[in-house]
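Across the two complexes that follow, chain A remains constant while its partner is chain B and subsequently chain C.
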Partner chain A sequence: MSALGGKAAGGDGINMTGTIVGIVIILVSIGITAVLGASLIVPLIGIIIGGALIAFGVHFVPVGGAPAAMGQAPGIATGVAMLAAGAGLAGLFGGAWAYETTGDFLISIIGGAVGGGLMMAITCLMVNATYVFAMGIPAASGKIAKDPITGDTFPEYKSQGTEGHGLPFISFVGGVIGGLIAGLGGTIIYIELLDAYSTGLATIMQAEATAIQPLAISLAGIFAIGFFLVNAVLAAYNITGTIEGPHDPKFKRVPRAVIGCAVASAFCGLISLLLVTNIGM
Partner chain B sequence: MEEIVLGIGITALAGALATVAGAAEDTESDIGSQGDPNSQVQLAPQMGYIHRIFNKAVSGEPPAYGLWCAIGAGVAWAFLQLNYNPALAIILGSIVAVFIQGIYCTSGYLGRTASLAKFKQPVYIDILKSLTSVTMAHAFVAIFCTTAVCYLMSAALHHPFALPLLGLIWGIALGAAGSASGNPFYGKERQYQNQKFGAGVPISASGNIVRYAEAGQRSSLDNGWFTTKFAGPASGICFGLIVFLELWRTVLFEESLAGWGAVIAGIVLILIFTFIDRWIEVWGRKTYGPYTEPEESSS
Partner chain C sequence: MTAKMEASEGKMPHNKLMTYGLVIAVVGTYLTYLNVLTGVAVFSFFGGIAAVAALWWGSDTIKHLCSYGLGTGVPSAGMIAFGSGAIAMIVGTKFGIASPIVTVILAAILGAVIGYTANNIINMNIPVMIMSLMELAVVGAMTMLGFAAMATGSFEFNQLIIGSMSLSVESAGVAAGGAQTFLVTAIPQYGNSLIGGAALAVIFFLGALALQHPFNACLGPNESQDRTLMLALSCGFLSMIVVAIISFVFIGLLAGTISLIISLIAWFYCYKTYIDLSKRDAYAWLDSKPIIEVGGDQ
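Let's look at the complex of A and B:
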């Protein structure tokens, strides 16, 4: 039980009725997209996969919120959705740039992942530097007694009356993995949207593909950021406050977030692809 | 070759600007009490501790700076379309953004403090008058530098995103970096300066923030003075490294190994930071030792 907020409500299980309704929404969204334009199915599936990846990645990021700012709980002292968005968007920046330069899908999505991971690595490093060099507090987890990677023990390093503090190595690794996966998901969504918009807008507006490119890039970028925030916020609701990383018991809730974010991405993806469907209006 | 040399120069300049932006952002958020530690400033009157600390926390730092930098970059972009000089356009964009920040500060302080009326926390008009302009000045530096970084990415390094979009992305990243590095120092080290050094704040002490200075009551300006000693520069280094290395690996290695060069460079950098982090963690454990040890040795 948490000394800060009591036992988190909601449980870790999956609501079967909700899941079935969600799967129906995904199928209906894919069905409507197929009717409007068969070529848009692949981008929509890419968006759904990207959204699920963002949800998965957000759960790895060690976020301590306000208690972490007082050294009362381990993690990074900011909100879940915000930090994940910061890392994922840094990844999106790198991925979009790589796609512009190389035009290669695989290099771009991995480039986006590395961008997100690099941002998280630097941020996590500075968190530990602040705790150790400025505040004199060694890292200690409140959820586990021993670091599964390094074997360091924590209970004797934990200050009295707190749930731990700083970023243990497992949390650092979780943060980097979270940044990698979130950056990967965000870049997949961007590239799928960009491909759909580049061809779709050129057809609808009867213009050269090169002339339409700046508009397509801007629209895809704005929608990708929007998708990122939708999925990061949904995942943050699933986490309810703070999480230490992959070793935290709350990590078991991941399947629920992945399903929820896939459903939200499917519906939002349908809306975003309506821009390039000629529905006779 | 010439293009790469120019790219490295632009990268260095962007990194330097980002460092200044990170430091200014954290100092603004500490003087204005924008980040997570503001939960204690809000909590203190409810526990009976009336104080004179600025209390705004418009939202989390990342979305707040995302908004302000996007406004700054958006207005700058509009002026650039009118063929204004880029430096002037960025300054005008930052001025518009900082006035919006000032409006949020004012309504944030008045709204939050007024909500504490039943706990006898007064609204101090002199605090509003003296500190709002200070936070606006720091926010101007942060927004101007971030918008300038985005302009360099867009105009000199030819990133495909439009300037306002880059403003939103890097504003959010700026807030994330600044709050991650700077918040613990402001929250634990300054607000709870009366607690033991080298230990987290016990949950039972929540709300009992330090309210008195060497002479008279503590002001948020004192907090800014204190946090610029570590949290500001640390946030600056954090954001500066993020911007510099993200650009550096792309500018230098994007063309090599059929595009895989930048990816490999990024992975190597992540591994280097992982080793440094582990070294810091082990150094902290060895230097400070277990929490219970000092009590045993003193008894």
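Let's look at the complex of A and C:
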């Protein structure tokens, strides 16, 4: 929800020119990375996939913004940047811990997904407890008449003059799925960067891999937070602030966010991988 | 885009403000190089001044961007600024003495690509989008670079990642004369540095909070530029106080104390001026008083 209440013009369509330029940017980024070092291509592709997953995941999360805080719209009563950062960082911590403990890629990204999903599940549960027991409002969506999962009907519970309120079950499920996917994406970015930095920094700084480890972890962590925020905010721009979950008509806009975040991730990934090349040092 | 909301007619044009902000940010960051030239660390506080100048400029950019209905709230602009700025800043520090300039260029390119993505692929169609995200990426990068330079006294990658040196003593065998010789090498410790200890993550969020707060707090029909920018300065110096405390670890007691005193005085002045400006803009100002206790049996 905009602070000043304006609506961004967007529509649901895909801008062909922009998309083609975007795909060119992705290919050029991969090409430059290949020239800089063949071993950096896999991390870059991991980063692009991770960014696209974050964009996809954010669209599932029921973001209500300020109207939700006043009980006038369904969803969690805060902005996308905060929610996505929360789910992403929870996922990142889970995944980072799993990677340090096991060193296994698959277990780590699943750990990251579970971390993000768990955070969203707890948030959704407590948000609904607050809505029902503290604000005294039932869960009702304004966008659909019937919950696709439970079959509950909404119109008789929806207050007049609102777009719905509370957090219906479908939004809860969407939130958990969104947390899972976004946490998965964030963890992939983190692990790919960590691998690239652990080996790359040890080579260019001529230091032992164990000595460089805290540096690689910190750098990968800070970069992963940066990537996560860029992708989450771009996805937030796509849904213009609020969405109810996978049943919301705005969900149809998801392809262009996935493309956009892949483009942004590819270019940010190229810049971040410059750190382990000889440029500048 | 039709929903342009006029925030306030700024007294200072945005381009002039941007020029001042960028120049002070770059020059201030370079002034920390006096540390290297003179061999003392007392010039570190210039980094903080540079960061505050960048935040001051960034607050006005956020005002321009967010006066179009983004739909996501003002804080998201601060988050994307620092997300892209952090990437540009860390890579930019690799370029030695040219770091501040390279950081500005890298951040501007990064911001332009992200702005193009938002405007043309995600179809935001906001006229100032690309320019604003470019500016915000530079603001984020320069704020982090300024604060990092303030905390460690240097803006170069090697200084930001090496916390201290430890000596490693190895026996090099018995020399020809029969005496035992030792090979002593200095091993850099990365874990207790600004980046290795992840103090940079604290700087990331200190800057992001200082950038996203001023316009978010001051927006509305009665917004005025000088009040918003004074709050930006106040928030910037508030973050600078925390960075000054972090800097005690890296640059020692004397330089850290100088930074702390400068940031405390500047914050106090800006906060006081901000309260005065708020009183000027307010319709009425009622100082709340404690509830008066009436005596007797009640």
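In the analysis below, the second predicted complex is superposed on the first by the 270 of 281 C-alpha atoms of A that agree within 3 Å, B and C clash if a C-alpha of one lies under 4 Å from a C-alpha of the other, contacts with A are read in each partner's own complex, and residues count from 1 in each chain.
Keep this in mind: contacts are C-beta pairs under 8 Å (C-beta built on N, C-alpha and C of every residue); 3 or more make two chains touch, one makes a residue touch a chain.
The model shown is predicted, which means the values in this text are computed figures rather than measured ones.
A.B. asks: Let's test your reading of the overlay: on chain A, do chain B and chain C clash or fit side by side?
C.D. replies: The answer is clash.
A.B. asks: In the overlay, answer first, second, both or neither for which of chain B and chain C A:65 touches.
C.D. replies: After superposition on chain A, A:65 lies in contact with both partners, chain B and chain C.
A.B. asks: By the touch definition at the top of the document, which applies to A:77: first (chain B), second (chain C), both, or neither?
C.D. replies: Once the two structures are laid over each other on A, A:77 reaches chain B alone.
A.B. asks: A:161 contacts which: chain B (first), chain C (second), both, neither?
C.D. replies: first
A.B. asks: Applying the document's definition of touch, where does A:13 land relative to chain B and chain C: first, second, both, or neither?
C.D. replies: A:13 sits against chain C, while chain B stays out of touch.
A.B. asks: If you stack the two complexes on chain A, which partner ends up touching A:176: first (chain B), second (chain C), both, or neither?
C.D. replies: first
A.B. asks: Would you sort A:219 into first (chain B), second (chain C), both or neither based on which partner it touches?
C.D. replies: In the superposition, A:219 touches chain C alone.
A.B. asks: Quick one: classify A:255 as touching chain B (first), chain C (second), both or neither.
C.D. replies: Touch partners of A:255: none, neither chain B nor chain C.
A.B. asks: For A:85, using the defined touch cut-off, is the partner it touches chain B, chain C, both, or neither? Pick first, second, both or neither.
C.D. replies: Both partners.
A.B. asks: May I ask you to decide whether A:211 touches chain B, chain C, both, or neither, giving the answer as first, second, both or neither?
C.D. replies: Only chain C is touched by A:211; chain B is not.
A.B. asks: Give me the intersection of chain A's contacts with chain B and its contacts with chain C, in residue numbers.
C.D. replies: On chain A, the residues that contact chain B in one structure and chain C in the other are 3-4, 65-66, 79, 82, 85, 214, 218, 221-222, 225.
A.B. asks: Under the stated contact criterion, what part of chain A meets chain C in this complex?
C.D. replies: By the definition above, chain A touches chain C via 1-11, 13-15, 17-19, 21-22, 25, 65-66, 79-82, 85, 207, 211-212, 214-215, 218-219, 221-223, 225-230, 232-234, 236-242, 256-257, 259-261, 263-264, 267-268, 271-272, 274-275, 279-281.
A.B. asks: For chain A, which residues count as touching chain B in their complex?
C.D. replies: Per the stated touch rule, the residues are 3-4, 65-72, 76-79, 82-83, 85-87, 89-90, 92-94, 96-102, 104, 107, 110-111, 114-115, 117-119, 121-140, 150, 152, 156-169, 172-173, 176, 214, 217-218, 221-222, 225.
A.B. asks: In their shared complex, at which residues does chain B touch chain A?
C.D. replies: Where chain B meets chain A, its residues are 35-37, 39-40, 60-63, 158-162, 165-166, 168-170, 172-173, 175-177, 179-189, 191-192, 197-206, 230-231, 234-235, 237-238, 241-242, 245-246, 249-250, 254-255, 258-260, 262-263, 266-267, 269-270, 273-274, 276-278, 280-281, 283-285, 288, 290-292.
A.B. asks: Taking the complex as given, what residues does chain C use to touch chain A?
C.D. replies: 1-5, 7, 66-77, 79-80, 82-84, 86-88, 90-91, 94-96, 102, 106, 110, 113-114, 116-126, 157, 161, 187-191, 193, 195-198, 200-201, 204, 216, 219
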